[in-house]
Amino acid sequence: MKIHIINGPNLNLLGKREEAIYGNISFDDYLLDLKKKYSNVEFVYYQSNIEGGLINYLQEHGFDGNSVVLNAGGYTHTSIALSDTIAAISNNVIEVHISNIYSREKYRQHSLLSKNCVAVIAGLGLPGYDVAIDYFLRNK
Amino acid sequence: MKIHIINGPNLNLLGKREEAIYGNISFDDYLLDLKKKYSNVEFVYYQSNIEGGLINYLQEHGFDGNSVVLNAGGYTHTSIALSDTIAAISNNVIEVHISNIYSREKYRQHSLLSKNCVAVIAGLGLPGYDVAIDYFLRNK
Amino acid sequence: MKIHIINGPNLNLLGKREEAIYGNISFDDYLLDLKKKYSNVEFVYYQSNIEGGLINYLQEHGFDGNSVVLNAGGYTHTSIALSDTIAAISNNVIEVHISNIYSREKYRQHSLLSKNCVAVIAGLGLPGYDVAIDYFLRNK
Amino acid sequence: MKIHIINGPNLNLLGKREEAIYGNISFDDYLLDLKKKYSNVEFVYYQSNIEGGLINYLQEHGFDGNSVVLNAGGYTHTSIALSDTIAAISNNVIEVHISNIYSREKYRQHSLLSKNCVAVIAGLGLPGYDVAIDYFLRNK
Amino acid sequence: MKIHIINGPNLNLLGKREEAIYGNISFDDYLLDLKKKYSNVEFVYYQSNIEGGLINYLQEHGFDGNSVVLNAGGYTHTSIALSDTIAAISNNVIEVHISNIYSREKYRQHSLLSKNCVAVIAGLGLPGYDVAIDYFLRNK
Amino acid sequence: MKIHIINGPNLNLLGKREEAIYGNISFDDYLLDLKKKYSNVEFVYYQSNIEGGLINYLQEHGFDGNSVVLNAGGYTHTSIALSDTIAAISNNVIEVHISNIYSREKYRQHSLLSKNCVAVIAGLGLPGYDVAIDYFLRNK
Amino acid sequence: MKIHIINGPNLNLLGKREEAIYGNISFDDYLLDLKKKYSNVEFVYYQSNIEGGLINYLQEHGFDGNSVVLNAGGYTHTSIALSDTIAAISNNVIEVHISNIYSREKYRQHSLLSKNCVAVIAGLGLPGYDVAIDYFLRNK
Amino acid sequence: MKIHIINGPNLNLLGKREEAIYGNISFDDYLLDLKKKYSNVEFVYYQSNIEGGLINYLQEHGFDGNSVVLNAGGYTHTSIALSDTIAAISNNVIEVHISNIYSREKYRQHSLLSKNCVAVIAGLGLPGYDVAIDYFLRNK
Amino acid sequence: MKIHIINGPNLNLLGKREEAIYGNISFDDYLLDLKKKYSNVEFVYYQSNIEGGLINYLQEHGFDGNSVVLNAGGYTHTSIALSDTIAAISNNVIEVHISNIYSREKYRQHSLLSKNCVAVIAGLGLPGYDVAIDYFLRNK
Amino acid sequence: MKIHIINGPNLNLLGKREEAIYGNISFDDYLLDLKKKYSNVEFVYYQSNIEGGLINYLQEHGFDGNSVVLNAGGYTHTSIALSDTIAAISNNVIEVHISNIYSREKYRQHSLLSKNCVAVIAGLGLPGYDVAIDYFLRNK
Amino acid sequence: MKIHIINGPNLNLLGKREEAIYGNISFDDYLLDLKKKYSNVEFVYYQSNIEGGLINYLQEHGFDGNSVVLNAGGYTHTSIALSDTIAAISNNVIEVHISNIYSREKYRQHSLLSKNCVAVIAGLGLPGYDVAIDYFLRNK
Amino acid sequence: MKIHIINGPNLNLLGKREEAIYGNISFDDYLLDLKKKYSNVEFVYYQSNIEGGLINYLQEHGFDGNSVVLNAGGYTHTSIALSDTIAAISNNVIEVHISNIYSREKYRQHSLLSKNCVAVIAGLGLPGYDVAIDYFLRNK
């Protein structure tokens, strides 16, 4: 089984960016843990700060019959184009946010992507990704 | 370890209410599954259609040092009083929704409770409760 | 034939509350008249000031194949939970208001319940209940 | 006794317009039924697609001491002029809608006329007109 | 010198409509007074309850080099088409309201016509028409 | 093949109204050109300044199996009744605007009609009508 | 003289809930002080977390000719039903808030109750209740 | 007969401020003309750029039984205090604006004062003051 | 002990302004009563209709270690500058309103000052000032 | 003659994305048709999912004296930067949408680009591009 | 060369008001520094807490051909009258704010003055005044 | 000392884009001037039309202890992602705009970036960059 994990802008700074909100572990370290924990899952990881880069990746891999865990960062709240891509592809997508976006700034409380995703998980920290993976494993 | 699972209005109808949205398993059946799966967890289940009933329960058990999984149903979007209770108690609360509320009617897309909860999980169906429990187990 | 008549908060004060708006007949007196007029209908009457009380009643009787005449009073405008219950049950519900709510305060001009009801009748005074009953008799 | 029944734009298409919403009986057929059912009432029927035509009719007949049943169709939501006319005349007016306008598009959920009408009936289908007539008979 | 006086919907009811707001003199009587007072002015009077009737009149006479006094009644607040006509014609138009529309219902406080009129006069009662005429006499 | 071309308020002033926006050719002249260019198409032309006049025309000809090119002028933005008529008839309607309404006043940027039309063309000047005709010819 | 003191949801947690905002004295202790201070006043105290419970109490005691001091907690901002009850009863009601609600979250800055109360006191801490009592003593 | 003419901020710049909007005559010159034209009226003129200065003047002279012509300039749109003063005094006040404020910036289209004034005149240029004076003369 | 009592615009008209709302006692008379009642308090009274006058006073006396009772009248709802002054000074300020501003016009229901004041008292009439003084005496 | 055809995000999925809305022909196939139909036009085609990619292309070719047909997909509604580019270049741009965006989600009904484009065509399907090309051919 | 430096309400408290936001240097001290640094510039300094005082000053000196540096404090966000004055005078005005108003309360993020000023500088602390002066020196 | 100067979309067109707003000097020429004027500062210049390109650059250089002058062009108003990056990096950022954005279109008057920047400078033309550099030199 293969799962795409896609991170949007600024998530590559994890571990050195606003630790009070996002924690102090880098995503690379976390990814190693994931690979150990789910040894029978093939993880493909992609990060980009470019809105269209995320769209390109989703278009190229979004019809391969696998699942997608997506944290689109700041584009969550502004990108109709990305939302359209999620609607266009055939893979299922779960939207993950490390922090509880619903308890933060008003403009961060609305996601343009949610309506095209299977589910939304927010505020669990990095384990939110585990949760999405568990769900896909249970429902493959 | 003890976990409170609290359901708000209409969730007692699960399994016979709008199956396209909420599925066809009753919560009682699901609870049995949970108890089997997490045999070392003590589950305390409470359901009420009365806003103040949920508040009463949370006040009585919200200082006992355990965790709370809360699906407040329709009160999610209208109850400042319930939100105040979550802020007042010392237990951690995770907000769960069976459906993806962010892809439904506009008035269902904003939760008054989220700002006082640890995390929010929506759209995973009943397994959303599992996810919340897993999180509490990992972080006890 | 059986018809449930359900009244929400403050309607038990009818006859001694703001007579200019609501008239000076108590609902009990009016109910006696109804029973005389529709001698072959079995009326079940329920009044509660508690939102969850109305929900409980609707859940218990809302699948019995009979009809419901509902005046939810002030909860009309604030209760998503009650609206969800009306959607969840299988009985048909007609929403009745004694006064013409559309000509009163702005917050009284929008009903959260209407979208899940068969019809809405407002401003006819107590005879609005007759009208709903007539409709159910015609369409049983 | 005389009752004016006034229909606004597109109601002359009844029976061949969006049957799922408005049913498949023409208003002319329904009017024949009404005349049979209320043999001692004189019905005067007027339909116009022209906003000012409705105003003209109301001005000419609105002081004759009879009652008015009005379904202003799409002008319900946009015509301040028509609303002013209802306020200006001395006859009582009941506003009727065939469909439950409160469960339809947002712009159809607010009526500019209601504040000047005695009552509002929506969602009962064509029998909504009966209800209005019954009310006037009871209160003549 | 010729002046067009144009009245919109319900102004033909003047004198028998809501006297507290609009006074108890009919417009015909007032027009006789105007003709006496301004004996060297030729008044052309037009009233219609039909939005398009007002537009037709303005199109036909709006390029004749004379002035227009316009009280469009309820269409003041809803008619983009009428506003477009005022912009299209070459005659100058003064907007007159008998009552002080700015102290009435919110929806009556904004005029779509004002931006294409020379001036606005509201609240002076019928003498508001005198004022507009005086202005045109002074500026002919 | 027959095509209905319907123009709303003020479009009869074309050629003498705000030339910077609408150009200096009258619609009659343009219609002659159209008839020459599309010699095998029968054009039926209707213009009215009266909202209900447009509705009447559409009701009478809207079920004849032909196509409609509609420029409703100022009623585009205010007429729910006209929008309802377009939904009610069976002919296809293309909405045309001479100017680019989306770059003009805010109230001119939203059309109530578009949701019931096949397509919208704005800003091409009079050739916008050609374009709509071409489309119907290609898709007859 | 008798005064009803009514507290809404979460006020029973006073002294152990968010002390920075609400102080560290329980309401029971404060009530003892009140009784000592106003030895010639009979205090009747009622607290409920249930919206309809507050309504029930007000309906039962709201016509006894005494005064009411009401702190409805979170229901202050959401309960039209409670507001209707205050309007319906004959006793005078003063609305009290321990904290200065006008300097807190936006949704806490508007009270649905105020329009039906005699006066509003906010931000004085528990002495706000004294103040209301003083007022009633002075005006009995 | 005495009439108070009161001008607010920046109206003392008349004649040298944005001539396209306000014309090129100073108010002093215009006042001389007024005094000549209405030789039997005693004019008292007051101008201030200070909101409270206008309030002071109105309080001191607002109970003397005479009439007031008020152009409050920019305070028209922001001063609740000034609006309260107009409501408090017993003299009648007519609100005058030199330009047609309803065709200008959005924030200039709403007046806080109008609801407490007898009438509103806008867009007539300086003759708007004449009109107000004429009205008071006719109605003294 | 010294207390500053500061009144804003129009409060000097107390006793002769809209008596139904504000009562018929002048503030001077009331002040005499206060001085008798609290013989050991030194009252300093200041009233101004000028926004900046109130700011000047607060700046000059706002650091003297005494308390302030402030009724800013109409400036309550529009003055950011005054609100900034209250935040800048070191004295405590209680905001008092004679009428229940929360049951009046919408624009009177929001105070820009409250967020910088200790407490808010509204609707008690003139005794609202007593209440504020009592509070300061208890907490000096 | 040369025409630039520029497509934004997700339009490269045409033919395999939401066929009910966008049809089942790929853009490449359509482009071949265009080239055959307009054999004397040189088409330059560019597609990018990257907002800044579209901007780069427009900057490089937007001063070459040719025309541009632009379908910016999801960036239509969110990109001020792209709108600024269209304003900055000297070539004329026609905005094309395959579907009728005005009958879809609210956030898709407003285009930030339209105000800087010559014209807007929506809902004609792929022939919308033909129409734009025809216009440029007629007006070269 | 002469430059007017004008400060609005509360800026006279600089150095003793909310030091975290505004710093701890008084404006008088800073002015001495300015005079030393720009020895060939004549500075005229004016501060007032009175809105109309600022207007008076600007009217008296705003046509003298010199430049103006204006920090209007709280009036920045509420004074249409002051904005009108800036538009009316012929001198150029630069708007300066010590703090970054765009990162503070919502009501402090919009300036009514900016549209009539040459430039806006915010967040540089007191050196923001230097910057404005430098600009005028460069562009005299 | 090193300073990063970063320009967003369309600023590479400076000198040939809307000269009335942005002037006629290219940024390259201006940069040469800057380098001469500040010979002891090392300038690193980066321009991109790609939102993610700006983010990439800021992430790579934003922790190097130097300062950043940022003009993000159209992304200023739409990019939450870019705003997040500014918050995440440790370098100080000053936001510069060549034109006075606060006097332009409404959507250009709000910056998502300002809250994370040290200061904002708008309307000074290209010298705005000088000002930012001067500030950093003074505060290094």
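The first chain written gets the first letter, and so on, giving A, B, C, D, E, F, G, H, I, J, K and L; residue counts start at 1 in each chain.
Everything that follows uses one rule, which is that a residue touches a chain if its C-beta (ideal position, glycine included) is under 8 Å from a C-beta of that chain, and two chains touch if they have at least 3 such contacts.
Since this is a predicted model, take the numbers as computed values, not measurements.
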Chain C reached from chain B - shortest hop count over touching chains: 1
Mutual neighbours - chains that touch chain E and chain H alike: none
Candidate from K-L, E-H or I-K with the same interface as B-C, over half of contact pairs in common: I-K
Superposition rotation for chain C onto chain I, Cα-based, multiple of 5°: 120
Winner on C-beta contact pairs when K-L is weighed against D-E: K-L
Distance between the centres, which are taken as Cα means, of chain G and chain B, whole angstrom: 31
Euclidean distance of C-alpha centroids - chain E vs chain I, Å: 48
Centroid distance [mean C-alpha coordinates] between chain J and chain H, Å: 55
Interface hub residues of chain B, defined as touching at least two other chains: 50-53, 78
Touching pairs among all chains present in the structure: A-B, A-J, A-L, B-C, B-G, C-D, C-G, D-E, D-F, E-F, E-H, F-J, G-I, H-I, H-K, I-K, J-L, K-L
In the complex, chain A residues that touch chain L: 8-10, 12-13, 16-18, 48-53, 73-75, 77-78, 107-108
Residues on chain L engaged by chain A in the complex (per definition of touch): 50-53, 55-56, 59, 63, 78-85, 87-88, 112
Chain D - residues contacting chain C, complex: 100, 102-103, 109-111, 114-124, 127-128, 131, 134-135, 138
